[in-house]
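Presented sequentially are two complexes of subunit A, the first with subunit B as partner and the second with subunit C.
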Partner chain A sequence: MATIGLIWLCLVLFAAVAAPLIVPFDPLDIDPVNRLAEPGWPHLFGTDHYGRDTFSRSLYGARMTMFIGVGSVVFALATGGLIGMLSAYFIRLGNFLMRGIDVLMAFPALLLALVLMTLLERSVTNTIIVIGIVYATTTARILFGMTLKLKREVFIDAAICSGAGHSSILFRHILPNLISPLLVQASFIFAFAQLQAAALDFLGLGLPPEVPSWGNMLSESRIYVTRAPWLLIFPGLLIILSVFSMNMVGDAMRDSMDPRFKDDIAGV
Partner chain B sequence: MLAYTFKRLLALVPTLLAASVLVFLFVHLIPGDPAAILLGDSATPEDVARLSREMGLDRPIYVQYFIWLGNALQGDFGTSVFFRTPVMEVIAGGAETSILLALLTMVWIILLGIPIGVLSATRHGTWVDQLASGGAMLFASVPTFWLGLYLILIFAVWLGWFPSSGFPSIHDEGGLLNLRYLLLPSMTLAAPNAALIIRLVRASMLDVQREDHVRTARAKGLHPARVAIKHVFRNALISVAAAFGFTFAALISEAVVTETVFSLPGVGRLVVQSILRRDYPVIQGVILVIVCLYMVINLIVDLAYAWLDPRVSLK
Partner chain C sequence: MALLEVKDLAIAVAVGGQLVPVVHGVSFTVEAGKTLGIVGESGCGKSLTSLAIMGLLEGSQVRITSGSILFDGQDMLTLPAERRRAIMGADMAMIFQEPMTSLNPVYRVGEQIAESILQHRKVSKAQARERAIELLRLVRIPDPEGRVDSFPHQLSGGMRQRVMIAMALACDPKLLIADEPTTALDVTVQARILDLLKELQDETGMAIMLISHDLGVIAETCDDVAVMYWGKIIETAPADELFSTMAHPYTRGLMASIPVSDREVERLEAIPSRVPMLGEKLDGCAFHPRCGRARPICSDIDPVAIAVSPSHFARCHFPGEDQA
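Up next is the complex of A and B:
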């Protein structure tokens, strides 16, 4: 299953990279004569209420999926990971930083995202930052626990005795041991970020409405659900398949992971 | 246990205070004059000046915070810009829908999550297990609003079995029968959560199955069903019970999307609409109430967990 998931994700990545070369129509081209056309030829997935080609928009949507997914993962792991590691290593600083994380975690995830989006303009970057912040909190907490465990291991004592400095211990001795749990965490954040971004788009607080993302496509065409149900089927299935694949890959990675950290990664 | 409970309650106070600072600062972080923001575009400069004075915006910000907090602690979050009624009344108006929706969703989650999870674990490795686990993973990957829209299309529009949107109070005409308005929304909200519970029940049953006391029970010739229920399930239930609590707490914010899809007059939809209407006193009020609820439920779950499982240290 994980292999199939990986193949699907590669296809999405390919679509994201090659979208401008392989789309049959411009995703923004309006064609009022052909609005709400059923799936067929030349519009494989039909057209929307402006007559835009759903297939081309779906391919461009793969770009947004990758942007949002990779962007939120990088943001969440970089900030959350650093906060978690530093907090566990410099425990006094940690007492302060982790309380801050606790406060952010007092807000339910989607609510935190909604509040932050209210303060910012709707844009791709802001959506990535907001989703990144939400998952940075969980990442920080998980990495805090793991780094605390690692800190007690003998090889860290050995490094200290041999005169290694703080940054050398943190980044050359502790970080390499955290790579596999970080990868697992990354896969789950990628999957959740898709669902969060789609929910934000749907509520009208995510990406700007003109951006062809799968979430926006669903949000725009929801009022046509009775007249043109296919408009929602394709973007919906694309989201489901991508999230499902990422979850499968994450599960497989977790199962093959370092047994020391099995209990720390939540994932569900 | 009592001392532990007290300590945990006490630890809640600084976090809640910090959260209240964030909620308070939220309106001040939005660029522009808060009074002008609160009054909306149609306000005259005189109105803005008057409200600024009334709100004490000319005073230092920490004084403003303490006045706001003092009022909030008495349940006074100010007046809604949109409804022109006290924020607390607006929130209370959505409470019935949201609470009933959450309870009904929990019923679905328990009815689906536990039996399927147990079945999946007892038939570990068979096609039943693979179907249940795969199905659960699939439902955890579905955007809730998408599922909701198709449930409306199939069961409300095509088949006409259930109403598609809205929810008249159970105190209105129709009484408890009005709960049928919440059937599709609760199923929508339950789907991804039931999926997580299925995975969790399965995982914790498999964990317990490996323990010595289960081998002993099997070795003394107990019926497999009896071992599964009395020895495995009962022990697995401890972590599952905690998950139910956390799920319930999470439902408060997840309901935002579902209530919007089904146009339910609940607290979740109130959040989104207030954000779109820029009704800041309501946003502040609702968020503070939800955060308090969320933290209290999480604390209760933690305490219940410590009480159920004596191995959890009370440090």
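Up next is the complex of A and C:
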């Protein structure tokens, strides 16, 4: 399953990188004559209510998907990871910071994103920041626990004994031990960021409406769903397949990094 | 001047807002190039004392309530963190009980040794690696050029302890604190690690402070011995003197409870009763409830250290009595 997922993600990545070169039409070109055309030739996935080519928009959507995914992951891991590690290491600071994280975690993820989005202007950057904040909370929580445990390890005492300072202990001795949970966390954030972004787009609070993203396409298609179901089916399928693939790859990554699962994998 | 001088060190644990004393003012010295053994059973405060010297109690529930730790004439307790870090790992190094967990699992052993060299010496990465290989050879690890790139999990317990020793020796320390360095190892490996420490001491001239609950280990390696009981040092003497004339009944009890393989015994001697609880209030000598020769005065007055000989002290009202 993970292999299929990986292949699909590579396809999406390829589409994202190569979109401007391989699209048959400009994703923003309006063609009133061919509006709501059925899938076929030359419009593989049909056209929407402005006559824009759905296939081209889907390819550009892959671009947005990757952009939002990578952006949210980087933002969430950097902020959440730092908060979690510092909180656990300087426990006084942690008592303060982690209570803030607790408050943020009390909101359902989508609600929190909605609240933050209403405060900000609709833009790609803001969408990334908001999704990043939502998932920074869980990252902080996970790294907080792991760092608490790690800093009691004897090898950390040994590092202190060898004269290592705070930053050296945090970044040279603790952080490398957190790489595998961070990678697994990254894969799940990547997947959830897609859903979150699609949901925000659908509710009209995510990316600006003119940006071709899978979520925006879904959102725009809903009024035409009876006349042009392909407008819903293609972006919907793309989201489902991509999120599913990311989850599969994430699972596989977690299993391969956790020595306890090693035997299970070998048995499969 | 002694290399390490611990004076009236008292340590307490914060339990529910209250400070429960666990180490009641211990004093001892480690002379340059000599080995001091600290022996005592679990919970007597010997490890806490070593952690206090290395400054590893910071941020825990444990507080140093009084006393001073003079290393090379500098008080480690009042030294600014920056200056203390410059000493730790360079002039003073420590090895730990669990060789399984005292190495960082994500680094190759060579990198870890190099790391502690780079912390203190201005050398290039390549030079640090050279030095790491040299240190691995010094601690008698076979094929040091190959082993330098091993991860800790690829090494056996004895090997890991050798790597730890190599790391501790990275900057030629004047003092090596070894907290139960052989306890987690099996007996044959134990002997080899102790021999290694002895040989390294002869080669480098460092002082060793060896903490152990094993009188056999102490007898084999130490010049001087301090016996701890319930947070106090109850007997100090040069090793040969201590093992020929034990003055404190607790020391003798410890000795009698070691199984000896060349002598048939019905039952192993055990010290009756148990160690007093932490924070328990005791009048008089802490050992009197378990002591075979306790007299009324023992439960009233805590004995001071009495000189049995110029170099041999025991905290007992009747030291050396009823010698066997």
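Note that the second predicted complex is superposed on the first by the 257 of 268 C-alpha atoms of A that agree within 3 Å, B and C clash if a C-alpha of one lies under 4 Å from a C-alpha of the other, contacts with A are read in each partner's own complex, and residues count from 1 in each chain.
The working rule: a residue touches a chain if its C-beta (ideal position, glycine included) is under 8 Å from a C-beta of that chain, and two chains touch if they have at least 3 such contacts.
Everything quoted here is computed from the prediction, not taken from an experiment.
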Clash or fit, subunit B versus subunit C on superposed subunit A = fit
Partner chain in contact with A:G165 - subunit B first, subunit C second, else both or neither | second
First, second, both or neither for A:P209, with subunit B first and subunit C second = neither
Should A:P20 be classified as contacting the first partner (subunit B), the second (subunit C), both, or neither?
-> neither
Subunit A-centred angle between subunit C and subunit B, computed on Cα centres after superposition, in steps of 10 ° | 90
Between subunit B (first) and subunit C (second), which, if any, makes contact with A:P176: first, second, both or neither?
-> second
Please indicate which partner A:N247 is in contact with in the superposed arrangement: first for subunit B, second for subunit C, both, or neither.
-> first
Partner touching more residues of subunit A, subunit B vs subunit C, is chain B
In the overlay, answer first, second, both or neither for which of subunit B and subunit C A:V103 touches.
-> first
Considering only touches as defined above, state whether A:P42 meets subunit B (first), subunit C (second), both or neither.
-> neither
Between subunit B and subunit C, report the minimum C-alpha distance in the superposition, expressed in whole angstrom.
-> 13
Footprint of subunit A on subunit C - complex, ascending = 54-56, 59, 85-90, 93-94, 96-98, 101-107, 115-116, 119-120, 164, 167-168, 170
In the complex formed with subunit A, which residues of subunit B make contact?
-> 14-16, 18-19, 22, 26, 29-30, 134, 137-138, 140-146, 149-150, 152-153, 157, 196, 199-200, 249-250, 252-254, 256-257, 260, 271-272, 275-276, 283, 287, 290-291, 294-295
So, in the complex, the side of subunit A touching subunit B is made of residues 1, 99-100, 102-103, 106-111, 114-115, 118-119, 191, 195, 198-199, 202-205, 215, 218, 222, 225-226, 229, 232, 236, 239-240, 243-244, 247-248, 251, 268
Subunit C partner contacts - residues on subunit A that touch it in the complex = 91, 153-155, 157-165, 168, 172-173, 176-177, 179
